[in-house]
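Structures given as structure tokens follow.
You will see two complexes here that share chain A, one where it goes with chain B and one where it goes with chain C.
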Partner chain A sequence: MSDVTKSQGEDEVITLAVAAGVSERRQARKESWRQIRRRPSFIIGVVIVTIWVLCALFPDAIAPFDPLNYRAELNQPPSGDHFFGTDKGGRDVFSRVIAGARDVLKIAPLAALLGVFGGVILGMLMGYLRGRFDTIASRIVEAFISLPVVLLGLLAITTLGNSNWVVIGVVATLFTPIVARTVRSAVLAERDLDYVTSARLRGESGAFIMFREILPNVMGPIIVELTIRVGYAVFTVATLSFLGAGPPPPSPDWGAQVSDNYNSIVAGFWWSTFFPAAAIASLVVAVNLIADAVQSVLGDS
Partner chain B sequence: MTADQTRTGAALEVEDLKVVYTVRGIDREVLRGVSFSVAPGEAYGLVGESGCGKSTCAFAAVRYLPRNGRIVGGHVRVGGRDVTSMSQKDLQDFRAREASMVYQDPAQALNPTLRIGAQVTESFLLLGQKKAQARASALEALRKVRIADPERVMDRYPFQLSGGMQQRVVIAMALACNPKLLVLDEPTTGLDATVEAEVLDLVRVLRQESDAAVVMIAHNLGIIRSLCDRVGVMYAGRIVEEGPSGEVFDSPRHPYTVGLLRSLPRHGAHKTESALATIPGILPQIGTPLPTCVYVDRCPLADDVCQTQVPPKVPIADRGGFALCHHSDRIPEVEAQLDAVQISVLSPSDDSPDVLELSAVSKTFHQRGHDIPALVGVDLTLAAGDTLGIVGESGSGKSTLAKTILGIEAVDDGGVVALDGSELAPATNDRSADSKRAMQMVFQNPDSALNRSWSVRRILVRSMQKLTGIGGEEANTKVEALAAHLRLTPRHLDLKPRQLSGGLKQRVAIARAFAGDPRIVVCDEPTSALDVSVQAAILNLLASLQSENKTSYVFITHDMGVVRYLADRIAVMYLGRIMEIGSTDQIFDDGPNHPYTEALLSAVPSVDGEVRTRIPLAGEVPSPANPPAGCVFHTRCHRLVAGLCDVTEPEPIELAPGHLSRCHLDAATLAQPVKPPASVSG
Partner chain C sequence: MRRFVLKRIGSIAITLWLLATIVFVFVNVLPGDIGRKVLGPTAQPADVAAFNARLGTDRPLIEQYVTSMRRVFTLDFGESFQTGGPVTDLVLPALGRSAKLAILAFVITIPISIAAGIYAARRQDRLADRVTVNIGLASTSVPEFVTASVLLAVFAVQLQLGKVYANVPEGTSFLGQLDYLLLPALAMVVSYFGYIARMTRAGVIGALHADYTRTATMKGMDPGQVMRRHVLRNALAPTITVISVQIGYLFGGIVGVEKVFNYPGLGTMMLNAVGKKDIPVLQASVLIVGIIYMLSTLLADLVIAYLNPRVRLEAGR
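Right, the complex of A and B next:
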């Protein structure tokens, strides 16, 4: 060690800086979590989602009747026996709404996850490579986004056949360009930072720079996007099955229930449509409440 | 109270001002009882490192604190009226008529969607003038800030003006109400040296024309010295020393002022002569309780008295002002201690082989069908263990030169970048592992240069592995040794960059550049984001690493003091060309200089109070897309030879051995002093 750098007391500099830095950061993180947990919207969102997850996991323990095979009198209004009434086939609406949680909670998060996965890869490539690839991909993405999602989904499902996997694939594909656009703009801001230049100077590959250097720094917007997409996925999946692209009629799927029963609203039997619709709405709203809270926290950093 | 506070007729009186910022529910003390006063027509400078409270002080003077800021004690009086207790309406009126502020970034102070005319006129409409009258006043105001063609400027949008012009407009608006108090908060920080000098000249002239009290905040002590009558040195929310600015800088009486001044490269200091002094410890965190002397933890004179008693304001009889210190009579001890820090940097021997050679290096960017030459025919060599300083204003191509050397930008066809005599591929990707390893870079901003989601250890180990091919445990061991060498402890290695202070971050960035034992390190303004005391430590570190490893530096900077301290040779760039290149002595001491260098050097305000003849540069930097015919500098040159310079582009001529100047004039002609134009000396 040469004596030049032996400036007195610099060790104290270091110790102080470190101590201050660590405690400050930890305190900040704790504080923001405390704030988010105190938000009523976050709590409500988590409670509703938890209820639906429990329904999806243990439908038999919660539902009083068999959602498919139990038959009572047709079109009974809500009562002590049938909390949500019965539908036009005499099935218990309450039990069916509970059983219906499983399908949507299986399909929607998976579809959102896949869509975000695809969007991250596409957006990363667009943002990092820029140039001609980005120009062409951006035009395609814009064209894709301008098409009505539901119409496109319906078209794909009627062509490819109707199964959970097709629905997941279709919704994921529809989400990919939307997510890609968000990721691209986050990557664009990141790739001009000097740590990327530094990585290039030591000869890192493009893939390494994209997925090991840049990706961790754009996780914030990606997680926000994921929570938002789960909400949209619930909505899209329900819409598709309402339009007949979901599981066939006896299934307790919420969208299918709505589509199966909405004709009887005119006859005054509102409950067989209202409750599955309200279930969809509650789940979408709950997920969005969580997304909102997550965004407010991760948006800061 | 000292005589200052009781002096009658002070335009601004700040009395025991205490301000807190509420951060996450906790009140943090930023100003811990600040008192000063400024007479009409007087300029008062506030200096100090970041976080010392100087800006807060200025904002509090017009009661314009951020939402979480609160005045919890003391008074601010402007022209006898207490600003701290004004009603909201009075306050608005006060800000409109009696106080004005000029901030750092003029682009943010102007509305980008409105023409200059509308914005300047508005300041007069606010004062109740009629429309036509306000417009006339606006024209007059622009003329007053020496804008030559105010009618045309009124029709322009802010983005059509240069930074210097924008700041002039902002100053014109600030002076509209003929304020009693003018606060200038780092008004020239974002501007180039020559533009900065022009703005400062203007402020100097305007001061004589108005009797406003001026409060000037700057981290550049030279600016304060050249512009302010008195100065207050702030530290951790207190003014620790006050006095006439020249005297404070020449014979400081507070240990902090001594340390601050000594950490600047001054008096032509060079790395081979002495190390820069550093102040031990770090600035206390904002809001830390500091019951007695705020500087006690870092002070070499601190003893029991300092730990237990608040230091008194000790008046300094022979020069006026005060020092907030128990031991202001023991300052020579601090000086002696700082002198004891010696250095062992060797000057590179003259016969060192060249490691880097650039010949006919050009770089042309293509933008919307236009060719923009950013570098034109650059030739230079760099010897082993040497530092080549590159100076020039923004747009001169110095960063492009760095990027082209490193292959981040590919050199144009015909240009050669050679390492140890063998030509390198234009792009980094096509270069061999060895040549990548040989050249690394230290960036300006460590926040951007370090991946914020990686730990320090990962950053360093990855570089070590990638550059040297050493893997696993061995790489880790070597990184720990490297880190220790740069005075980073093993504990730092497991932290993320954001948990480190600015100086430590830059240390990590330097460690990364040195991970593969580079032959050449390109440093792009590595200390411009740091406070002076931290800058000193980093410059010392760079100097010692260089002398141990025989590393060559390409050192880009706009700070003449820094480049003079660290560089062995200096290249001065203008519009992508090297206008002058020579040894540090040739550029700074021996002369003569290229006219551009001459102007550039004359623009630097000196903290030592040397009087130089300012050579103002006419006009603005021409667009590189459309460079002037002949010599590119002829449009602004004060030694212009009509009929020659505007026609023929000069070839570099040798003024002295190794001292080249791209100018038609020979050494004898350049050595003759120019007639000083009707301007102020700095």
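Right, the complex of A and C next:
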């Protein structure tokens, strides 16, 4: 069993076999990436997301006015000067919508990424170790899942105070159990396959088997989950900031803008709410189109 | 069947305990004292101390935890920081109003989305299917408050249909109430349509391609009967699960909808509690939503077990 008894020839065979496995996997990955790219929903999604990313990166180059300090007449309807009109403070809604892309695009992907990271570790441990750890962790995951993320987020942000980092941390924490559940079931399907058994017989450590052997084989569902989580993160962050658990009022954050202006819809000033709301909708739908394309290619594997 | 129900109730009790613990941890992990947080930095130290003593927030954490758990299981959530009255007196009426809105939303959503799902499945990959699937995706992924504010702008203000403030005056007739509640309910219908329609579609497609359906068709069974007896019966189990999950999650989205329409339900009450840092009210609301979620998933499991004897037998073991 020990390495000392292994002959030169055996080593080569193993190396070749591993190389074949790796190149096969690379081939398959290339093929699914090609399929994803060809889907119309993916292309539309990427175009919209790219536009918003550009807005977030270069707001000053795109927005005609300063989102915070520029003042014009209050509540003007959309016109050639102000494409989206002006809000109740006389600020240019178009410029504010452009500037507002930055907050969401900073917070949501980071929260999703951290949540998936935590979920992969927890789900991997649950699925691989099974036993008592899995039983207890599954219960806790179930309890977390029985609550809407927005409500727990609201509770947590009320007690922890709202800063961008708190929002990121809270959303990531609330996503962790959801991701863990998906990863766990993917790992359960893998853990009794031959390659895992042989790795165990080879005397590999648990960490090696989990993250070097099993992880590459469950990357499909993890990538699907990541794209879905980014969509939900945008959804959650926008909702939390609409509910007041986001950046404070003068901020051009989309959810905060809707929250700041929805009361003036009644007076007929629909544009100061409609455009930031439409911006949220376009971004969430775009991310979900991407997620849907990724899922329909990788989901079957 | 009885054994199955008892088992599920036992597991609900454990989940509820864990849930209450999670909420307790969320509220208490932070350093610093609650009295100071609620009363603000300008309050006198003596007042803060008195506040903490009155609510028991100056006791050791373990003791607070035990008290809090005892309260959860006796459904007594303590006193509101704002009013000093029992939390239950505040939460239950608000919950009732939210439930009215939620039930209306579900009564509209369920038939429409199941019908759309079946329709799309029978025209798989054709135009009608693509349209349904993409509308479903878009409608579901947009946050409820976005849908609600767009509906408010279009219907209540531009077209003058429906009410801007959903706050129903006392003693309004049933139809009169609908006028107030229809728009906010519609915002939720849009949000939940997609999930249920897509899940129904997937279930029906799966069942349409199953061997038993082919056998039934080939033995000359009437197509309508094949649909009712074989396809739908099998296809609807995942749909029922999705619906039950949505009933709990609905209370996450309802907060935004209630805010847009100024509707005095559980969501609005929670937002007020957030503003005033009224933690007992928040805690109670979150727990009640958790309980509703668990009861609705229990109900769904029972319905599925009723529809499918295999599940019933396996679960009872």
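What we mean here is this: the second predicted complex is superposed on the first by the 261 of 301 C-alpha atoms of A that agree within 3 Å, B and C clash if a C-alpha of one lies under 4 Å from a C-alpha of the other, contacts with A are read in each partner's own complex, and residues count from 1 in each chain.
The rule is simple: contacts are C-beta pairs under 8 Å (C-beta built on N, C-alpha and C of every residue); 3 or more make two chains touch, one makes a residue touch a chain.
Values in this document were obtained by computation on a predicted structure and should not be read as measured data.
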{"item": "Which of chain B and chain C A:L193 touches, first, second, both or neither", "value": "first"}
{"item": "Partner chain in contact with A:A101 - chain B first, chain C second, else both or neither", "value": "neither"}
{"item": "First (chain B), second (chain C), both or neither touched by A:A112", "value": "neither"}
{"item": "Which of chain B and chain C A:F274 touches, first, second, both or neither", "value": "second"}
{"item": "First (chain B), second (chain C), both or neither touched by A:V150", "value": "second"}
{"item": "Touched partner set for A:E204, first chain B, second chain C, both or neither", "value": "first"}
{"item": "Contacts of A:N217 with chain B and chain C, given as first, second, both or neither", "value": "first"}
{"item": "Chain B and chain C contact sites that coincide on chain A, given as residue numbers", "value": "none"}
{"item": "Of all residues in chain B, those that touch chain A in their complex", "value": "24, 275, 277-278, 280-282, 285, 297-298, 341-345, 406, 408, 428-429, 433, 436, 439-441, 443-445, 448-454, 462-463, 466-467, 485-489, 491-492, 495, 498-501, 503-504, 512, 516, 536-537, 540-541, 543-544, 547-548"}
{"item": "Interface residues, chain C side, partner chain A - complex", "value": "14-16, 18-19, 21-23, 26-27, 29-30, 37, 134, 137-138, 141-146, 149-150, 152-153, 156-158, 164, 248-249, 251-253, 255-256, 259-260, 270-271, 274-275, 277, 279, 282-283, 285-286, 289-290, 293-294, 297"}
{"item": "Residues on chain A engaged by chain B in the complex (per definition of touch)", "value": "1-14, 16-18, 20-22, 24-25, 27-28, 31, 193-195, 197-198, 200-204, 213, 216-217, 219"}
{"item": "Residue ranges of chain A touching chain C (in the complex, touch as defined)", "value": "41, 139-140, 142-144, 146-152, 154-156, 158-160, 231, 235, 238-239, 242-245, 255, 258-259, 262, 265-266, 268, 270, 273-274, 277-278, 280-281, 284-285, 287-289, 292"}
